[in-house]
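Here chain A shows up in two complexes: once beside chain B, once beside chain C.
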Partner chain A sequence: DSHIQYERVGADVTMKCGSMDWDAAVTWTANGTDIDESHLNGSYLILKNVDLTQSGQYSCYEGSSWHLKYQTYLRVGTPPKEPVLMCRSNNYPKGFYCSWHLPTPTYIPNSFNISVIHGTREMVCEKDVFPKNRCHIRYVQLFSTVKYKVTLTVTNALGKSSTTLTFDEFAIVKPDPPESVVAKPVPNNPRRLEVSWQNPSSWPDPESFPLKFFLRYRPLILDQWQHVELSDGTSHTITDAYAGKEYIIQVAAKDNDIGTWSDWSVAVHATPWTEEPKHLTTEAQITETTSASTSSFMPPPTTKICDKGAVVGSGAVAVCWTAGLVLAAYGVLFI
Partner chain B sequence: MAAADSPSAALRRRDLCSRGIRLAGKMRSDVIDLLDTYVEQQGLDASASVAAVEGVPAAAAERWDEQTGPQRLLENLAAYRAFRALLAQMLEEQREQLGEADAAVGRALAAILLQVSAFAYHLEELLRLESRGVPSEEGAAPPPPPHLSLFERKLRGLGVLRELAQWAVRSARDLRQLAKPSPGSGAAPSPAESP
Partner chain C sequence: GDSWGIFTFLCAALCNLPALPALNCTEELGAGQSIQKTYDLTRYLEHQLRTLAGTYLNYLGPPFNEPDFNPPRLARVERVPSATVDLDLWRGLTDNARLAANYRAYSRLLCYLRALDGQAATAELRHRLGHFCSSLQGLVLSIAGVMSSLGYPLPVGPAGPSAPPGTAGAPNDFLKKMDDFWLLKELQTWLWRSAKDFNRLKKKVPPAVVTLRLEARGF
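This part shows the complex of A and B:
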């Protein structure tokens, strides 16, 4: 009959051919392929310093009759190393979840057992269907100073290992990042960008447990971020954007009072509003057109200069006037 | 006395709640600052786990989301009255200790004691607004200070401050629940919370 055999990487394995005597004539196969006699000691199969590639089905047949006498599935693996465990509450005050993984694979099946103790109370962590290595707990008590102690034990056929996490209720609170971040230019405002977002949908009660936010933004061409912390509201207007530059913007969230900041939201890109040129003309055509249109050189909007190509309008005239007056005044001074 | 549902009462409630929330926030940050100093000054281990201290109201609450408005107010009031007595005791003990560093702790304790008193007053006002009688303090005289060694008193002080910091967080949440516009008289639990 067939069964499974687990062995450590590097171990020496001896397989007996069922109840056959040591001196019986047998043939061993590995995944259907005959094994050379040099690996045999009598009817025993000797595998030295096994590695992962030697996992497979091993069968032993009686010499002449080719009756199958023994079959086993060899699985080479390792005992579990200390697992990595983390617990977090992204849906405070409903509860928290713990998730875990092994730092290195064992190559054989593992089972996980998690225990959660709060003071004298043992709590049940309900395993999630997906993802697999995760369980969640509903808070029975809130605002407790008593710490939670979570112990995860990993066991497989070759050994076991465990790790323990101790924390208090407030420390593990970390919301999910804000959702639906939108950044838009503001018409007629070349230095502004309007950003809005929503509370993460996993946060159950933003009214009683309000979130505060952290916004960061920078033009794509620079490395340094600007930061703004916002204690309420889910929108903000950036007023110091560089004109015409594309920006990258992200938002993070945190409970107003406790816990840590969320990861950054998905990044959004936006470019502030820029004035549309009246004609999309080439250099050659500019010299042919008459004065009424703007030139292809666009002066920065805040500093209207008085030049030949300037738009004739009351504002520009006033500036020209002012400049003229200043020049005249200087002229007077130097007479 | 304005009826609990009248517009002026609702406004006053919101006003008291938002001021209370701000006060709770300030209280918490001051207590946390004091905790750091206290631990250092008293030569304690910050990670010391202090078992539930007798006479210190625990902030921990089961089924917190199911509590009614009046319940929240009464529990908070009982707690802050107890803290008022406990902090006064600590202040007294602090004065007996000498030293410049202790004077700073003493001042911080006195400031927090004032905030606790102010907060208790807010709660009493909110209770009156709910047309609820404010429980008298006569029956609830603070128990005589237990006879403790100096070290035990230090640990007790740590427990008091830690629990007060927890309460400050809870109270802000309680007041936000109270500030929510409630259907009916507020005697029924808010239907918005699903268990």
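This part shows the complex of A and C:
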């Protein structure tokens, strides 16, 4: 019959060949490979200072008959270190979730047990299917003055460790970042960008629990952000953008009154509207054709190079002029 | 019009209170604007309370001023009004019930705080508590104003505990300090709750509705 044996990294392991006597003649194998007699003390197998590479299947065979007398699976690992626990309410006032992980792997199976105590009541934290190390709790009462105490214990064959978090209902409120952030240039306004976004979909009741927002933006070429805090509405027009420069824009959300700011949203890029140079005809929306990106030396007759957003800064004007000059030169040549 | 009389009186009273955000009594306060001002007051008080609570808890000394302090709730005869409420119940509150709960709670909390002020040992504490009580009184009156302008009757009954705590209250110093700790905690939680209560009210009561109401009652 087969066993599993868990041992700590660095430990000395003695394996007995089942019920065989100490002085019996046996052969040990590790994952099918014979083990040298030097590791044997009689019929016992001695492994000193084991490391992770020594995990595997160990079998003991009687010397002459080659009968399998004992088999065990050795798993080398470590007892768990103190786990990292985090609790957060991104769906206030519905409830909160807690998630955890181990700072270093143990290399052997671990089991987690989480307990949530609210005053004198023990609450059940329902484990999520995905992600695995996560559970959620529904609030039964709102506006509680009593703290929540969450204890996570991780146990494996070599030991256990636990950590506790104590917090107020309000302290862990942190929404998810705003969604669908969109930034667009404003026609005929070279210094404006129109930004709009939506409440995070996980926030269940923005009517009664409104969110406020924090917008940050900067041109790609600069390091310093500009900030705007908005107490309502899900859109904002930037009016001091540098003309022709590509911007990076992000938004964060927070409950109007409690908790902390969300992480920054996905960054969006946009360049303010720029006026097209007058001597080259352009179409309002030119689809990017492959000719624009081929290595053809002769610029195409339309102003694909000057497409807004394709180039940044005054370089765009220079390229347009160059294209115009080259066209003029060719035109002269063919007269 | 009884309601109109009360409203005018309250407005005058509010205007005479020191250290309040300015309330212009000459402009006609629709319920929508009153709710907004009440909301703003709760936010203002919440910020004030942070400083006050910090000072007071330091005065009480450890363990009350430790951030992790999480004592069990002792069953006391006279309990400070708690903001804790069942989630569905809170959602389903009528405007009247919502406002009344706030009015009752702050009336009683004000009374407890005034008792605290009376016993405060240092001049700094007395100053802070006094200032806070004035502002809290303004909040109570502001809520009364909203209720009045919406035509709801003010809750009757004792505005505070029958006997102020501290006289017939805790038998020993430590329990008295616990009472103080919970009073501040409940007050803080109420201010957080009120912000949400008034958010809900804001959305449900546009100013136009109120004007019609007043006109219909022949004012």
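Keep in mind that, in the parts below, the second predicted complex is superposed on the first by the 279 of 335 C-alpha atoms of A that agree within 3 Å, B and C clash if a C-alpha of one lies under 4 Å from a C-alpha of the other, contacts with A are read in each partner's own complex, and residues count from 1 in each chain.
Quick note on the criterion: a residue touches a chain if its C-beta (ideal position, glycine included) is under 8 Å from a C-beta of that chain, and two chains touch if they have at least 3 such contacts.
As the structure is a computational prediction, the values presented were derived from the model and not from experiment.
**Student:** Please tell me, clash or fit, for chain B and chain C sharing chain A in the overlay.
**Tutor:** clash
**Student:** Quick one: is A:Asp257 in contact with chain B, with chain C, with both, or with neither? Answer first, second, both or neither.
**Tutor:** Touch partners of A:Asp257: chain B and chain C.
**Student:** Tell me the contact category for A:Thr120 with respect to chain B and chain C: first, second, both or neither.
**Tutor:** Second partner only, chain C.
**Student:** State whether chain B or chain C is in contact with more residues of chain A in the superposed arrangement.
**Tutor:** C
**Student:** After the superposition on A, what does A:Pro93 contact: first (chain B), second (chain C), both or neither?
**Tutor:** A:Pro93: touches chain B and chain C.
**Student:** Is A:Leu142 touching anything from chain B or chain C once the two structures are fitted on A? First, second, both or neither.
**Tutor:** both
**Student:** Taking the contacts chain A makes with chain B in one complex and with chain C in the other, which residues are shared?
**Tutor:** After superposing on chain A, chain A residues 93, 140-147, 170, 207-210, 257-258 contact both chain B and chain C.
**Student:** Quick one: which bits of chain A touch chain C in the complex? Just the residue numbers, please.
**Tutor:** Those residues of chain A that touch chain C are 93, 119-120, 139-147, 149, 166, 170, 207-210, 256-258.
**Student:** Touching residues of chain C toward chain A in the complex: what are they?
**Tutor:** It is residues 43, 46, 68, 70, 72-73, 82-87, 90-91, 182, 185-186, 189-190, 192-193, 195-196, 199-200, 203 of chain C that touch chain A.
**Student:** Which stretch or stretches of chain A touch chain B in the complex?
**Tutor:** 93, 140-147, 170, 205, 207-210, 257-258
**Student:** What part of chain B is in contact with chain A in the complex they form?
**Tutor:** Against chain A, chain B makes touches at 25, 28, 49, 58-62, 64-65, 162-163, 166-167, 169-170, 172-173, 176-177, 180, 192-193.
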